[in-house]
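What follows is a pair of complexes built around chain A, which joins chain B in one and chain C in the other.
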Partner chain A sequence: MNVNKMYLLNRRQWRENYKVYRIAVLAMAGILSFLFLVTWHWRDSFAGDVNRGIFLIGLFAGGCLFGSSLLKDLSRPSKGMWLMGIPASAGEKLFVVILYATVFYLLTYLSLFYITEGFFSWLVKEPGMPVKHTDLLHNEFYNFFFTFINFQLLILLGSVSFKRGSLLISILLMIIVFSLSYNANNYLLMLMTGEKTIDGGGLYNYFQFRHAGENVYVYLPLYVQTIVTVFFNYCFPIVLYFIIYLKFQETEL
Partner chain B sequence: MLQIENLTYRYNRKKVLFNGLNLSLLPGKVYGLLGKNGAGKSSLIKNMAGLLFPSKGKCLIDNWEPRKRETAFLEQLFFIPEECELPRLSVPDFIELYAAFYPAFNKEQFMDYLKIFNVSQDGQLQRLSFGQKKKAYIAFALAANTNLLIMDEPTNGLDIPSKLQFRNIVTAAGREDKITIISTHQVRDLDDLISSIIIIDNSELLLYADKEEVSRKLFFSTGEIANKAAVIYEEQTPQGNVHITLNDHAQPSYLDLEILFNATLDKREQITNIFTT
Partner chain C sequence: MKQSNILLILLSLILLRGIYITDRLLARQYLKVNLDDPYKNFDSVAVQPFKALRITGGNGYAIRIMQGNNFTARVMHSRKSFYSMNALTDTLAIGFAVANQDYQRPEKCTVGLIITLPRLDFLQLSGTNNEVGQFHQDTLIIQQDKNTVTRLKDLQVDCLNLQGSGLSYFDFIQNNNVGNLIAHLQNNASMDFHQVNFKQFNPVLRDTAAIVLYRQSLEMARVGVIASDRSGR
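Entry: the complex of A and B
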């Protein structure tokens, strides 16, 4: 990996797109403000920390749109040829794309979210009431960042795998795979345990069944949970990176 | 040097192109890759540029394998596709961002070529017409001074003065130690530009020869001909009948590329035999 090439690629990515990014930031600020306004207006109907929900909607919806735009040139041969012809290795090109899809987007979105939330809270602040800010570190909420990185990498994998409609196909496939594995997981557990009331759970984490009218949760041993967490948070993104790299390397136009 | 060894490319299971093609291209020459639409020209040059991968055999450019798209190889390759799209940048920004990727890029050359082509030196690339964009692309490609320059139908979309400018610029670029490949079906546009001819049809190599060799072996004449039996190919043109015969007496004649192209397609065995013996 050549640092100078990555600097040049980064400069190219920024200079060619900064006007679009500027508009996207304004649009996202508008959408966040609208969501804050709606939830504030109906604040008696919403229980809990709705701002976290807004945070996740913006993070994933904006993230997938942004992520899918980064390699959209591959869907048009004339643009794709230009991208492929830039004298830099596939690894350097991908590194910059992934940096934009994850770190750059996360930092921008976090700043935007807190600025918009702060501004909105200040605007609707009632006398004597403290201004509340979303605490993303509370209750290990930050684990969503790992999910987000995997999500973005899956979107990029879609960009290098499908020439047309890659974003829609990727999201559809993710929904299908997730639904299938979720239901298959429950079904498998029912077969293995003979317990017919298993009706929910988290993949590779826990399952839930009914007993005497109560929901009972059964968690995997802690060490298994740790292995699963390490795999999904650290190993899976590396595996995804290599798959994207190989697909990108093998792209023909 | 560009070396193609036993190259086979498959579009799909049924359609096979260039079943075991062998070709060696040397630096200092401008190769005209001629063929009808759909003959396989674009697939061949995309294999050379690493945009398509051979199913069998290999393509080597100065010992680089194009399909690996290594940085050092990409620094020595510039490919101009038929449909050009340039980034949303002004010309100065474009140079600033992309020139640094090409070690031998010459900014003055680029500006000179833009001037000759009448392309604004500070305008937005996105706002240029298709022809203007193509000229900017060609100017950048020539100024990049890469060892291998491949152009796919470069004169498509250029008006008549621009075609002349294009020929002048490529000639003036003086790529003596470099390989230039121009793929086209508009043979006349490049008549006096190319030094070697490669004719393909139905993904088959029919002719590969220097223009010099063609002139040495074939004689082109217009008008009536006494010995009709000696005529290899004859074509009616507004100027009269053009004939191709063997150049037994080493006479000089004007090599009409279009006539040669038609003759090669029409009398493929005869022409191929002349250049393989």
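Entry: the complex of A and C
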């Protein structure tokens, strides 16, 4: 991979789209302000850590729209040809796209979120009360980062796999696969354990059942939990990257 | 077939196989669960003997501190990663960094940490949601701040010293018998006398601290005239 070429690809991406990105940043700030306003105005109905919820909604909703826009040229042969014609390897082009979809987006979104939140908190702060900021580093909340990377890669995989409506198809597929596997998993656990009251759980993680009016939780042994975490946080995105790379290369051919 | 599709199918097969393997392991763990054990959702953590206990953290899960024969700490399986501990000579410092929320009914929160010990001299709480109970001893000092809520139940203490600041709240919820009750409250700290018998009461209140007394509390203290209204306050 040639760093100079990637720098040029990055400049091309920026030059071509900076006007749209400027509007997108303003739109995102507007949406975030609106969400802060709604949850603040009806704060009695929104108990709990609302700002983290807003953070995640903005991060994922904006992220998938932005991620899918990066490879939208591939959906039309005429535009796709032009993208393919740029003298850089598939790996270089893909690297820049992934850089935009994950690192650049995340950094922009984080600064945008804190600026908007800071401004809003200052606007509605009550005298004598300290201004609260969303703390994303405590209570393992930073795990959102790994989920976000995987999510963006799945959106990009959708972009290179489906010609039309790739974003909608990808999101629909994710919802279908997740709900199917969730229910199938509970059913499988019911068969394996003979426990009829299994009413929830997480794939590759735990399940819960009811006994004498209380929920009983069954967890995987600690070493298995570590293996699962390492697999989904590190191995899974690398494999996804390779699949996207192969798909992208095949489209070029 | 395209290379990418082969890799995609391979990945899907690994994920499906993973579900099967983890489910088999979960089924094995399920057989180990003792349904009669009241602490089946908890993991034991080894603790050294201590006299003073300091807990800081969040209020999303309640902490129960009670008298028992041994020094034990039990953490809910799912909250284990939020638990940290540091032993200093005779003090045990615990961090229980669960989420912080503005609960209207903190007593409804699930208990996430249970600590038992034969005798507790000093308890310092910060930001947590607690239930302290069943201590039968001569003295006990509880100090709390930062929105801490502490429900006291089944206490039999000769001299109970409660110190609250920063919007913290003490609530005597059930069957408490205290000889000398000392209360030092400041800022917006408050205390509620729902169910407590005491012989002597020495309050020191600063700023806008508040104590909610009931008619029976005053009767117990043998205060001369009781002006009662319909609510019993």
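What we mean here is this: the second predicted complex is superposed on the first by the 251 of 253 C-alpha atoms of A that agree within 3 Å, B and C clash if a C-alpha of one lies under 4 Å from a C-alpha of the other, contacts with A are read in each partner's own complex, and residues count from 1 in each chain.
One rule holds in what follows: contacts are C-beta pairs under 8 Å (C-beta built on N, C-alpha and C of every residue); 3 or more make two chains touch, one makes a residue touch a chain.
In this text the structure is predicted, and so the values were computed from the model without any measurement.
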- Message: Is A:Asn2 touching anything from chain B or chain C once the two structures are fitted on A? First, second, both or neither.
- Response: first
- Please tell me which partner, chain B or chain C, touches more residues of chain A. C
- Quick one: classify A:Arg12 as touching chain B (first), chain C (second), both or neither. first
- Touching partner for A:Glu126 - first (chain B), second (chain C), both, neither: neither
- Message: Just to be sure I read the superposition right, which of the two partners does A:Met81 touch: chain B = first, chain C = second, or both, or neither?
- Response: first
- Task: Across the two complexes, find the residues of chain A that touch chain B and also touch chain C.
- Result: 250
- Item | Contact footprint of chain A on chain B as seen in their complex | 46, 49-53, 69-71, 74-75, 77-79, 81, 83-89, 93, 97-98, 100-102
- Complex contacts: residues of chain A adjacent to chain B: 2, 5, 8, 11-12, 15-16, 19, 76-79, 81-82, 84-90, 92, 249-250, 252-253
- Query: Given the complex with chain A, which residues does chain C contribute to the contact?
  - Reply: 2-4, 7-8, 11, 18-20, 22-27, 29-31, 33, 35, 40-41, 58, 77-78, 81-82, 97-104
- Query: Any idea which chain A residues touch chain C in the complex?
  - Reply: 47-49, 138-140, 181, 184-185, 188-189, 192-193, 195, 203-207, 211-212, 215-221, 224, 228, 231, 239-240, 242-243, 246-247, 250
